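Let me begin by presenting the structure, written as structure tokens, before commenting on it.
Note that the chains take the letters A, B and C in the order they are written out, and that residue 1 is the start of every chain.
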Amino acid sequence: MLEGIFKVLSDAIFYNLIREDRYLLFVNGFKVSIQLTVFAALIGVAIGLLMAISKLTNNRILNRIATAYTDVIRGTPSVVQLIVIYYAILGSSHLPKILVASIAFGINSGAYVTELIRAGILAVDKGQMEAARSLGLSYYQSMRYVIVPQAIKNILPALVSEFIVLLKETAIAGYIALDDLTRAGTIVRGRTFDPYTPFILVALIYLYITSILTAFMGRLERRLRQSD
Amino acid sequence: MKRILICLLALILVFSFIGCSKINTMKRIKDTNKIVWGTNAAFAPFEMRQGDKVIGIDADIAQRIADKLGVELVVEDMEFEALMSALKSGKIDFIAAGFTVKPDRAEQVLFTDTYFTAVQVIMVTQDNEEIKGPDDLAGKKIGVQNATTGDFVASDIEDAEVERYNNGMEAVMDLKNGNIDAVIIDNLPAQLLAEKNPEVKILDEKPAENEEYALAVRKGDTELQKVINEVLSEMKASGEIEELVNKYSIGD
Amino acid sequence: MIKVVDLHKYFGNLQVLKGVNNEIKKGEVVCIIGASGSGKSTFLRCLNLLEEPTKGEIYIGGVSITEHMKDINKLRQKVGMVFQQFNLFPHMTATENIMLAPVRVKGMPQDEARKKAVELLRKVGLPDKDDVYPSQLSGGQKQRVAIARALAMDPEIMLFDEPTSALDPEMVGEVLAVMKQLAHEGMTMVVVTHEMGFAREVGNRILFMDEGIIAEEGTPEEMFSNPKKERTRAFLSKVL
């Protein structure tokens, strides 16, 4: 019995990781997933900030653009967005694939970040803006020195949680033949015909990264609460 | 890290034993009065979608198998790379998916007789003067359908960067967009793709030895294998297979 | 100093101010009293354009502010405001709260602004609270920091919007003391308040607002001992 268990395990490890250096697929997939997430998060936060401000100003045109953006992105599947951006919009741009994918995921994440930032800013007491304006600060200065620093406290924990979602969202990168962590799992599966092991491995790697982010979020929340 | 490793080992064990449970295929087919065909319906002319139905050469063969057994045919259309896993875990009863006979696949499943000789071809854009044959592919970016024969062929080419798409159409699209240099794919779908995309051409020089297509069943399902072999030899003898190839290869 | 002519304010269809006229002189301390919903806070907030008047004119120092909406930030530097809910910036220390506007709006060097903030904190009786965050201060202390913050811009006029209404009773005195001191120094002040004792003692003039207009006005003696109108009498009998 014990010998049988040992054989099952050593076979699983040998075929899925060691043979033909398959572990390299997972290692590279891991790198791609992390790169995608980091780039997309940066792009997403930049877009989110711009769009949140556009939504909060009184300019009708900016308002409409931002609303249309968040409505379209949040109302359509990210797979469709990725494919449209990769094959059609940026189809013949000849940018590195990982960059195109980062842009696509960044545009997607930006819509959710927009709402996070908007909600975070709106959650700051109205009296804060009035107090700042009554001292002679301009709207921009009031935002910059009074509202945004307080809004960041509301936004940061939710933003980390959005990054966790984003990391998992990048699992669809395989649709544009980008070998991310999940695609590494499917490739190995296509080679070894082992139905479970590659995906269990992939799932555990995701879990490991997200647990680090979750721990970070917990610490962040505690620190922000202390400074209140 | 240690915890993750222990988790991994435990999960592999659990799933391996679930996967090991014996399945009596013929009895189940009789009991449920249906047989489940696994395929990836993005590989014209062998299998493709028409409305909500899967049609193609393999579809007609699969239907004949079901008819022979006197049961209903149920189709499971899934990602190509998932077919072997699905067969092994009992989600499907047989694979008919332009499936090439290969030794490492034969370790895992039971192949039937072959019914078609497939040729892998190289596709490039019309204006490409650089790639004339397989020797020019070294160090190039090659698009394939994930886990197909083309994928295995491309993976063996020296320094080639293999881009694995979910279907051949997407690979050809990216070829047209100039993001990859060539596509390696089966001859028949290549003909159809080239017909629909005049910007690409098929090279005469072949990148690999010819491949034989067969159906596949679970190891030990010799009874089902026998039934399928009978159907195939009938269809080959009557010239039906050839008819099907001609019928579906004419593009729409 | 301040001249208000036929001021109207609507919130949607609700008319809150129905033609307010008044003139406030330099160095005057004007207390506005009245029931809640009478429009007294809205009137005060119009004076530094936190509410935009629907109709009418407001002149400050002879300049119509309703016509010069663009110079709104300049105007607000001259008019300090203290809120019922303090509205201190919670992410800044007491000193930083006071320094913000002088540094960012007037471009005052940090050192100078800090020195001024420390002085102002001393003036409002909080010499040891320089680096304390608002959350560590009591309500009365918060309001005194808020007054210091408004004073840091050297305003010519100070507006107080029910500055003691959110305070526990035992803290009302310390805030009123600071305001009294300001009045003695000659600051022009407009105070919306429920503190009749303060109004009587410190105010030069009392405005009684009712249903969007100034129903009656006069010196504290006239208003508290011999109000002319029935409504004023009814209100005062309830609060005194």
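Quick notes
Here is the rule we go by: contacts are C-beta pairs under 8 Å (C-beta built on N, C-alpha and C of every residue); 3 or more make two chains touch, one makes a residue touch a chain.
Because the structure is predicted, anything quoted here is derived from the model rather than measured.
Among the pairs A-B and A-C, the greater number of C-beta contacts is found at A-B.
Put simply, the chain nearest the middle, going by average C-alpha positions, is A. Mean C-alpha position of subunit B lies 80 Å from that of subunit C. Work out the mean CA point of subunit A and of subunit B, and you get 34 Å between them.
Per-chain Cα centroids separate subunit A from subunit C by 48 Å. With touch defined as above, subunit B holds no residue shared between interfaces to two or more other chains.
Subunit A makes touch with subunit B in their complex at residues 5, 8-9, 12, 87, 91-92, 94, 97, 174-177, 179, 183, 186-187, 189-191, 193-197, 200-201, 204, 207-208.
Listed in rising order, the residues of subunit C touching subunit A in the complex are 48, 50, 73-74, 76-77, 79-81, 83, 85, 87-91, 100-101, 104-105, 135, 146, 149-150, 153.
Of all residues in subunit B, those touching subunit A in their complex are 1, 4, 7-9, 11-13, 15-16, 19, 79-82, 84-86, 88-89, 104-105, 108-109, 143, 146-147, 151, 163-166, 170-171, 173-174, 177-179. Note for the complex: subunit A touches subunit C at residues 125, 127-128, 130-138, 141, 145-146, 149-150, 153, 227-228.
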